[in-house]
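Next up: some structures, all given as structure tokens.
Consider the two complexes below, in which chain A is the common component and chain B and chain C are the respective partners.
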Partner chain A sequence: MRTRLPFLLSAMALSMTQLALAQDGCQTLPKTVEAGSAFSIQCPGSGKVALYIVGLGQVLRRDVELGGATFFAAGSLYEAGHYLAFLSGASSTETGSFDVVPATKPANLSFLAKPSRLPVGLHNGITGAVYVFDAYRNLISAPTPVSFELSNPSGTVQKRIVATRDGAAWTAMDSTAQQGTDRFLARVDEISSARVIGQVPGDPCELKMSARQSGQAIQLVTDPVRDCNGNAVPDGTIVTFTETYSGNLSTVDVPLKHGIAEVQMAGHNGAIISVASGVVLGNQIRWEK
Partner chain B sequence: MNNGRLLAAILTAATLALVLIGTVWPVPSAAAYAGAKNMLVTSSTAEAAVGNLGDEIRAQAWGKAYAGLANKAQFTEPEFVHDLTGYYPSLLTYTTLDKFEVRPLHASADEAEIELKLHWATVVGSSTSIRDVHVIRNGDRWEPEWPITKEPVVPPQVIPVNYLRWDVIYSGNGDDWGAQNVEAPHVRIVDMHPVERADGVVILGELLNEDVVPAYVSVAATLLSKNQTTIVTEGSFDKISHLLLPKQVTPFLIKFPSLSLSDIGSIRMTPMSALVAASADPVIEIENEQLHPAPGASLTGQLINQSGQIVNVAHVLGTFYNHAGQVVWVADEYVDTALLPQVPVQFEIHIPEDLARNVSSQRTVIATYSSGGSQ
Partner chain C sequence: MLRSLLFGCTVFVAASAMDFAQATVRVEPTNLQGPRPLPEQTGKAAIRDYLESWQSLRAALEQNRADLLDPAFVGTARDKLTETIQQQAALGIRTRYQDSAHDIQIVFYSPEGLSIELTDRVDYDVQVLDRDGVKTTQHIGARYVIVLTPAEVRWRVRVFQAALN
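And now, the complex of A and B:
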């Protein structure tokens, strides 16, 4: 790269000064070449010269016999962009320019799906963005239809077709009411890319506990904790039990296990016991022995 | 030249003289640290006896300290040492006694009560413990009776643990650009108040983990001037419970010394969260929480480890609210003894006197650290 840079700069400077000669040199210089495709250049005259093709991503050099065609095999020029071609001989230098454009057939998708985990029931909570590339990782800027498909285990499918603009297409979709692992698929022709979206339960809803005597203490147990859509709140979620008695307080943070939270507390006579999780309050119990 | 030689000779002579004086008449503390003889003073008074005991504890001269006790027949020397440094690894295990205070409570001709306040230098700052030492006269000497707290006995039992734990696999270096990674936990600041104190500005608040996965959290605050230039950025450091399980709330406190609220145009809060492997255990109950009014305003209570795992260090964070439910102060305390299963351990969090009268309710959370554990 270090050795190429001065060469590139000098080549570009040279091409600027010789631009007037550009269109008269190689008659068959194509205006555009599809990335990776084969092409040829024919230059009139006689003698041996060096043909340089210089772009930002690639530089090619061929020794050519003037008057004949110079062939470039498929895959020899594959980086999309603007290229300069110039002949460097003993007596003169002639230049021309052409564009290498991305192939029309998509070969790769870069699919960004966010977030990978979100609560159920969020409008436009899931976003997907797709960048369409050809086989040589050139961004295909021509409008290309992209199909987005979000499916959850219950069989619900949300589908959108969006055309790319400047190589990118994006969409937003809703998370459904049911928890589970959704499959988010982006497809262009036969090329597809999939992401996994975890839809997790929301805040607990109607948090309810019951109490029973257990020796000298009381055993507090919640009902199975669910969100407002009926999804079981995951294990590990913290439930806080609070016992208030005679101006004193006892609290304990308990993680849900097997869907319920369970704890033993002192259970003072006349105590008020409450339950909460995060910002959600549950029921209260007044404990009388 | 002659002056230089004269000065060198004077310095040499002075050094030799000082060495001689120090050897013949050493400072008592230096002699004690050198192990030459007993500490500081003879135990001719009750206070002196307890003072000597304090010096021996500070020098970690456990044998001497134990030998000087009047009630050493009641316990062994290792029990005495463990009573001071912990029976299980805890905050006091890797600590030294920084200083101590002796205060007579009661005295008669043959016995006395002396308060021994021990200031330990721990890795999280100073930790103070108070022992009331009974001292008895034995001939012309006074000997302290150490108020031993014997090792708590945990009855043999089986504690079933339905072990709940989260592990995380992150995306690798070789993954394509755009490939998914695990989402950082969603956390939210649910309350925030700047407060002006004599020593600067303090930002108080609460942070909620509203996700279904555990989060390692911290909070930073940036103070902006009235023309929106940054004055300073500061983090909550250890005034927060860094590990938040799903739907758990932690208080936080950020100090900005030497600043006034009048200097501040706005405040930018930055909560940070990262997904970490974590365990839902141990469960700690906080019992008998009591707010004590000024003077000596404090929150006291007991921690009860409901799990079978020993908790080596417990960090208690108290959030104090006014009648309107606003956070008025956040305070914390590290408990210096290990939490054994079902063994209550006292804690006391001090509340600034001027704020105590505004406090009408509180909420306490515990952060725990277990050696060899992940929490």
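And now, the complex of A and C:
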């Protein structure tokens, strides 16, 4: 049971698309209608019937007078997809189909950016993916250039332009050397969507401590702790001091405060004192009273 | 290349829980854009969940029950199908969608792993019914673009849209 109804699609004034129902010698569908645009369907013959337009996105019904044109105002059919059109009530039900395609003008971006926070200096550490939609939430599958921009407060900007494929585009950016709050922007024409990316210092790069006598004990203090790009490692980062003497081990964890870690230890004669933070090892001191 | 081989030219049959109709399914080699490798299990799960979504779609549109969409659809796709069901009910019609063949390709796995995009060249029959019976039947071959996003235990269809070939 497969009936094809020939349609005639002819251009109308005022940018209207006209779909004309079958008559001998008419051209056939499929043709396309842009989502949300006005169009009309002409139904040859005589008498009153119902015209149905049925798709997964919308279902419409119009009472039509055969022999005239049925007008669909702008905004009446707006969901992109494949649609059946058929007459009901006529001597025979005739069926045709056509496509509603997304509007060409983007109106919405779905922008996924990850992560929201990461260490400085990571190659391709920030990724963004975009889906481009029209005003009716139809995915615009035609290739569309998307501009991605990652900017930080110092004015450094990374920019990429990527064309969508099947409505999607993605990019990867490097986190910059400077800590701070970056702005990650995706833009298509005048439509943009922004995300905030926090760039935090990386692991300590070089850890150096010094020691001095303090009564019977030893006072240990690090130099200001920085990552490999010179950013101050945040306060609260744990620094571990270890004293090894005569087969014994003494360990103290100290959080950074004002950029340095400071502690007092027993300071046994001949002890080896080391400092570390995470997997980063600092210098060693052999303590001789 | 490995992941392409994993999915390459897999042909199997999707059984419908509703009426035991079967659709042939062909999975094309993955043509992935994006930096994130797609684990084989993830790709299979996404395709399985997408195919199951046709069962939800079929039942919901045939019974005019939007709640039947819930397991498989979310967001825009669910909203649009719900609107369609409401329009069908208002007009006193139902539609019966019967998919007979799928030719699926995974085309995008987003870098953060929160979406998978498929294309599907699908053949299906659609019948429009009212209280008097079938008003019309048509066979359709169309290319669909589908975006799936992860839910608690499965992938759900967030975008479901026929596109021009």
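To be clear about the criterion, the second predicted complex is superposed on the first by the 250 of 289 C-alpha atoms of A that agree within 3 Å, B and C clash if a C-alpha of one lies under 4 Å from a C-alpha of the other, contacts with A are read in each partner's own complex, and residues count from 1 in each chain.
As a convention for this text, contacts are C-beta pairs under 8 Å (C-beta built on N, C-alpha and C of every residue); 3 or more make two chains touch, one makes a residue touch a chain.
What you are looking at is a predicted structure, and each value in this text was computed from that prediction instead of being measured.
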Which of chain B and chain C A:D253 touches, first, second, both or neither: first
Partner chain(s) touched by A:D99 [first = chain B, second = chain C, both, neither]: second
First (chain B), second (chain C), both or neither touched by A:G81: second
First, second, both or neither for A:M265, with chain B first and chain C second: first
Which of chain B and chain C A:T144 touches, first, second, both or neither: neither
Partner chain in contact with A:N152 - chain B first, chain C second, else both or neither: neither
Partner chain in contact with A:R117 - chain B first, chain C second, else both or neither: first
Which superposed partner A:A168 touches (first chain B, second chain C, both, neither): second
Residues of chain A that lie at the interface with chain B and also at the interface with chain C: 112, 131
Interfacial residue positions of chain C with respect to chain A in the complex: 33-35, 57, 61, 76, 79-81, 83-84, 87-88, 91, 93, 95, 97, 107-108, 110-112, 114-115, 117, 119, 126, 128, 135-140, 142, 145, 147, 159-164
List of chain A residues in touch with chain B within their complex: 110-113, 115-117, 131, 195-196, 200-201, 203-204, 233-239, 247-255, 257-258, 263-266, 277-279
Of chain A, residues touching chain C in the complex: 1-3, 32, 52, 54-61, 79-82, 84, 86, 88, 93, 95, 97, 99, 101, 112, 114, 124, 127-129, 131, 137-139, 141, 165-168, 170, 172
Chain A contact footprint on chain B (complex, rising order): 162, 164, 166, 176-178, 180-183, 190, 208, 210-214, 245-249, 280-281, 283-290, 301, 306, 362-366
